[in-house]
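Shared between the two complexes below is chain A, which has chain B as its partner in the first and chain C in the second.
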Partner chain A sequence: MANHSQLTFQDASSPVMEELMGFHDHALMVALSICSLVLYLLTLMLTEKLTSNTVNAQAIELVWTILPAMVLIMLALPSLRILYMMDEINEPDLTLKAIGHQWYWSYEYTDLKDLTFDSYMIPTTDLPLGHFRLLEVDHRVVVPMSSSIRVIVTADDVLHSWAVPSLGVKTDAIPGRLNQTSFLASRPGVFYGQCSEICGANHSFMPIVVESTPLANFESWSTLMSSQ
Partner chain B sequence: MRGLLARRMKFHLLGAFVVSMGCATLYKFGVAEPRKRAYADFYRNYDPMKDFEAMKAAGVLESAPAK
Partner chain C sequence: QSFKLLGFLDVKNVPCARESVLYGSLGALVMGLGHFLATSRVRRSCDVAVGSYICTMLGYWFYCRYNLAQQRIRQRMLKEGMKNRILFEGSYLDPEKKQTGNERSDS
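Coming up: the complex of A and B.
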């Protein structure tokens, strides 16, 4: 989860999110170089160190067309590389469905003897000590770590969005439509997210918690849940 | 004073380019590369089972409650 006053991304817990962080660094570097260039030139102009009475500007106009085109290519190529990487066809080890309702998520693990459950936020009044306000849920989405997980996201009523920043996942939940996303949790842990599409009064109170554990532990959890 | 504008413009355009590339280089080697190194170092000798056992003992996992 994010700390108070955190401005940067949460630590990446999936290979895709690591790539996205790298791309963000690249894009920010490009933005920084452009902004520093503009600021430097602006300072010069305001202090009258740089003036111009040019009437024939063919050469400079060529420069400031070609250079931005090159900058755009520098941004587009890594961006498209990651976009296609995210859409790669891979054989998922597990498929689960996430269905958005007002105002909770329900999950279906139909690979595993029809395991389904709802996931409601734990109200602040019932929150145990040390747990995170507005982020904890009564039933977490448990997944095996280092396994390719496919999530099919949809909604029952209005638009929602299933997002877990640490895993680099955000997929809109649209009634009447199935959207697919996939992720791979690189390490065990608990990863928090929140509904990311305005969906009514309790839009801020339907969080998502993904718990990634070793396969053996996941299997014993799923057996226990199926029997309940 | 002859050719002052041209001289100054040449100097400052070069200077602007240097400042811009300098900022980009500073960011790359001050932020981006250390971040990549930090992730590589973290995962180099990472033991997920040890981490899992620590989380289990701390009682933070719903699927593996601490005994």
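Coming up: the complex of A and C.
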């Protein structure tokens, strides 16, 4: 989860998020270069006279066409690489459905003998000491670690969005439509997210919690949940 | 703690950022000063310095990030190799066992 007043990304827990953070650093470095140039030009203008006798500006025109084109190429190539990487078709080890409702999520593990459950936020009044306010849920989404997970996201009523920042996942939940995303949790842990599409009064109170565990623990959990 | 250059680039926590900015500044100083000493033109030397700053910073950034990416790939391969070694050691899938078996059959 994010710390208070955190503006940067949460630690990456999937390969895609690691790539996205790397690209973000790259884009910021390009932005720093451009801002430095612009700042310098602004300071130069403080000492420039306001009239100009320039009639032929072929050189400067060439420069300010070629340079932005190079900047765009520097940004576009890594960006497209990651875009195609995110869309790679792989054989998922597990498929789960996430259905958005007002104002909770329900999950279906149909690979595992119809395991379905609802995931409601734990109200602050019922929150045990040391747990995270407005982020904890009664039933977490448990997935095996280092396994490709396919998530099919939809909604029952209005628009929602299933988002987990540290896994690099955000997918809109649209009524009447199935959107697919996939992720791979590189390490065991608990990853928090929140609904990312305005959906009514309690839009801020329908969090998502993904718990990534070793396969043996996942099997125990699924057996336990199926029997309940 | 983080120090953000121009308010957005976290030079402490982003790999290669600090070195890029420092090498860029060094390159700017050297080129700008060198140009001034050679031509005594202040304005043009400042232009050269800023241009060198940007080129050196971006140049080192690409070089450093490329090496970092290669290192990460090697780390991942090593981690995978160690995991497979532990998993398959002693079993029929152990590649070392296959190799020693081949050596024995050759001799």
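Definition applied: the second predicted complex is superposed on the first by the 221 of 228 C-alpha atoms of A that agree within 3 Å, B and C clash if a C-alpha of one lies under 4 Å from a C-alpha of the other, contacts with A are read in each partner's own complex, and residues count from 1 in each chain.
In the analysis below, a residue touches a chain if its C-beta (ideal position, glycine included) is under 8 Å from a C-beta of that chain, and two chains touch if they have at least 3 such contacts.
What you see is a predicted model; the values in this text were computed from it and never measured.
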item	value
Partner chain in contact with A:Ser33 - chain B first, chain C second, else both or neither	both
Touching partner for A:Glu197 - first (chain B), second (chain C), both, neither	neither
Contacts of A:Asp157 with chain B and chain C, given as first, second, both or neither	neither
First, second, both or neither for A:Asp111, with chain B first and chain C second	neither
Which of chain B and chain C A:Asn217 touches, first, second, both or neither	first
Chain B versus chain C as contact partner of A:Asp93, first or second or both or neither	neither
Residue contacts on chain A - larger count, chain B or chain C	B
Chain B/chain C common contact set on chain A	22, 25-26, 28-30, 32-33, 36-37, 40
Interfacial residue positions of chain A with respect to chain C in the complex	8, 22, 25-26, 28-33, 35-37, 40
Of all residues in chain B, those that touch chain A in their complex	5, 8-9, 12, 15-17, 19-24, 27-28, 31-32, 35-36, 39, 43, 46, 48-49, 51-52, 55, 60-64
Chain A partner contacts - residues on chain C that touch it in the complex	2, 5-6, 8-10, 13-15, 17, 20, 46, 50, 53-54, 57-58, 61, 65, 69
Touching residues (chain side chain A, partner chain B) in the complex	12, 18, 21-22, 25-26, 28-30, 32-34, 36-37, 40-41, 44, 49-53, 139-140, 142, 145-146, 186-190, 211, 213-214, 217-218, 220-221
